[in-house]
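Labels A, B, C and D are assigned to the chains in the order they are written; within every chain, residues are numbered from 1.
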Amino acid sequence: MADKTRKDAAEALAGRLFDGMTIMAGGFGLCGIPEHLIAAIRDSAVKDLTVISNNCGVDDFGLGLLLGAGQIRRMISSYVGENKLFAELYLSGKLELEFNPQGTLAERIRAGGAGIPAFFTRTGVGTLVAEGKEIRNFDGEDYVMERALSADLSIVKAWKGDAEGNLIYRKTARNFNPMMATAGKVCVAEVEQLVAIGDLDRDNIHTPGIYVDSIVQGAAFEKRIEQRTTRPVAGKAAV
Amino acid sequence: MADKTRKDAAEALAGRLFDGMTIMAGGFGLCGIPEHLIAAIRDSAVKDLTVISNNCGVDDFGLGLLLGAGQIRRMISSYVGENKLFAELYLSGKLELEFNPQGTLAERIRAGGAGIPAFFTRTGVGTLVAEGKEIRNFDGEDYVMERALSADLSIVKAWKGDAEGNLIYRKTARNFNPMMATAGKVCVAEVEQLVAIGDLDRDNIHTPGIYVDSIVQGAAFEKRIEQRTTRPVAGKAAV
Amino acid sequence: MAWNRDDMAARAALELRDGFYVNLGIGIPTLVANHIPAGMSVTLQSENGMLGMGPFPFEGEEDADLINAGKQTITELPASSYFSSADSFAMIRGGHIDLSILGAMQVAANGDLANWMVPGKMVKGMGGAMDLVAGVKRVVVVMEHSEKSGAPKLVKACSLPLTGQKVVDLVVTELGVFEVNRGRTPVRLTALAPDVTLDEVRARTEAEFEVAL
Amino acid sequence: MAWNRDDMAARAALELRDGFYVNLGIGIPTLVANHIPAGMSVTLQSENGMLGMGPFPFEGEEDADLINAGKQTITELPASSYFSSADSFAMIRGGHIDLSILGAMQVAANGDLANWMVPGKMVKGMGGAMDLVAGVKRVVVVMEHSEKSGAPKLVKACSLPLTGQKVVDLVVTELGVFEVNRGRTPVRLTALAPDVTLDEVRARTEAEFEVAL
């Protein structure tokens, strides 16, 4: 099988970036984001991007870096609360924004990878989200039709991966990464640990290599924590 | 968390069976079938069943047992080639049959568990499968609308499970089991190994316990092989 | 004396049942976890992809790969499991979560809920709220009875953009508990906070309600 | 001298490319695996939930949990992965498989394919065939040129119920190779088996075709 390993993020993305393209980026908040690939996209200076990602990072990390560099024209997200620059750009008309309910966003991306052009969901019926979309009654209940989402490129972050592109995610850093890996025309993955083929448990591969075009082991991962919340060592449980 | 473990298949199914009900049964051919639960359903003598399963076992094993006992009124399947009794019952009008393309069947079941009442697929457009169904054009291509499938009860077979109902499947015995676990109003699982809570790798649980109502460790598993195919020890690869 | 935040959480916790799978929103709903009765088994779902959410970690034990939907660091439990966002919302949308407890800006007598957007203000996004109210079997709102301006939040009809139509089952405020029942029955006041009078509730509530204390 | 089954498989194997993900049907298509050129990396998908299908096991090493879509015992490889039927067909339907090689009862000049049902006969079911032809990027049919009755199988229009509309790219029979190109171009005969004459092919083929040998 062809070795999909690349030396670094820049090499993994070489020839895959162009102005006006649509990029899907995995992660929830700053958890499970492809931080090296995002940095390489910033360095590439590619622009007029449509970015599909649940959030948009923070001002100085994650997708916030692309926002700060003025590379993003349009975002499709479910929540962008933690980003001041985002608010400024949006309110000044420099950034287009499409909000999707988080589950609808996840399912639209799954549909994009699964050859399903549209599906129906109860989510958003009777809200702004359903405006201009078909509403249809099944068995006495109204549903809204949602369309699939796909992208020119998806960038995902996994815990472990191999040269075939098989990926395993860790804890809640999985989030949007598996679906996005399936919905990009090209998928580039960054991993914390690149392991030998055969080292991953075949029963527990979250993303089969068929979806991954290039894979790169990140150097030092920052893995920044957005809301460090703890309980007192001697105290009682806070959650 | 409540202990979902039951002593045996009969106890796990107690109070959950009724005439005329719809049952989903995991497995592909004889691989990954809930053999103890099927036997217990045969012993219960429940009848007029609608059974949703990719295949219908063989004459004397798997769902073929329910067929032989005259308990099945209607099957929703993708392929039933290996069952002579099936052919007899069908041709004599004693058995109703609905064929679904295998991928459409899998996706209808996933949709049933995922709150998606209907979706569009290219599969089956222009064939008998699309007759009477809505055809719709998206971006220049025709798709057929398929509806979700759900059941009163789903019976699934896993390799390992715990008292919370978390399940892990093994190799190609996974097949339809994970989706069916989500699409039954009640789901009963049988496992080869019931392990202590915490023994399963949290990152690799295929079916989270929320979907499972009762779990039972099967006694001896027959795990019959339908097409034993080998290569000569000294020879070259046959596949 | 009206209920404080913890009282409201305790009141909402009365909706918990043994074996329930529950999703708790940010703010007061998070406090409900502190009021799970001893011996009752309740599994918390976090919509970013986890069942069996544990308490916050001890200092120094935070894991960047383990956060809740509010992006706070959390811990896992022996029976926890992780899954993708698509699988998480399949679980929510498919009706597998028993109870969702979340905050609101407005709740209407017909069960409509608004909690994500104020026209003219910067919108942060609905996150998973629309999916939760559309998919979870029972939806309990915990909210302040009035806005800071004094405007009522339990209203005849929501003036804010909706999060979901006819989705609220129960409302807990600092003044009392209201059965809304997704608009299938008239709103009923079923509990009053200590020393709060019916007149005060009437004066501060726009929605009509029956009294069933 | 017409091609035998193995020759036909070898011919179909010319469609393989390095790095391809391929689904092989039952019968002659299975033999294509024996003709993967040395040094070429081809990953076989089995639609019951596996990527990286290995050869049949040695006797005594069969595993009941490890079968292909034909229900035959198989083996795994170092890079193999397993997944559910829903995930497998998401992969197929989503266009991620490069090539499907399968058998047929009839192929029409417009690319229509029939391979699952003969009216009046007991129907076994379409299995995954409809999904494969609808979803895979390139579909190659390997079939006998004629029925046992002598009736042609490469026809003007399928008389049998379809498996898919305008889905066939290439047809390999014991007589030759035909580009069908999903009906976007006229059918073209691009290769002839040794000692098979154009006249013989013309006599035994109902569909019109151009000759581009």
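Brief remarks on what is shown
Please note the rule applied: contacts are C-beta pairs under 8 Å (C-beta built on N, C-alpha and C of every residue); 3 or more make two chains touch, one makes a residue touch a chain.
Please read all numbers here as calculations on a predicted model, not as lab measurements.
Chains that touch both chain B and chain C are the following: A. Any chain bridging chain B and chain D, meaning touching each of them, is among A; the list is complete.
Relative to chain A, the most remote chain by averaged C-alpha coordinates is D.
Contact count check for A-C and A-D (C-beta pairs in contact): higher for A-C.
Look at where the CA atoms of chain A average out and do the same for chain C: the two points lie 27 Å apart. Rounded to a whole number, the gap between the C-alpha centres of chain A and chain B is 32 angstrom. Chain C and chain D have Cα centroids lying 54 Å from one another. With each centre defined as the average position of its C-alpha atoms, the distance from chain A to chain D rounds to 36 Å. Looking at chain D, one finds that residues 76, 82-83, 89-90, 92-93, 135 touch two or more other chains.
The set of chain A residues that touch two or more partner chains comprises 107, 110, 114-116, 121-122, 169-171, 174, 202-203. The list of touching chain pairs reads A-B, A-C, A-D, B-C, B-D.
Residue ranges on chain C touching chain A, taken from their complex, read 30, 33-34, 46-50, 53-59, 61-74, 76, 82-86, 88-90, 92-93, 112, 117, 122-131, 134-135, 161-165.
Put simply, chain D touches chain A in their complex at residues 18-19, 21, 41, 43, 45, 51, 76, 78-83, 89-97, 135.
Against chain C, in their complex, chain A makes its touches with residues 28-32, 54, 77-82, 87, 90-91, 99, 101-107, 109-110, 121-129, 159, 169-179, 206, 223-233, 237-239. On the chain A side of its complex with chain B, the touching residues are 107, 111, 114-122, 136, 138-139, 141, 143, 147, 168-171, 174, 201-204. Across the complex, chain A meets chain D through its residues 1-2, 110, 112-116, 162, 164, 166, 182, 197-198, 200, 202-203, 205, 208-211.
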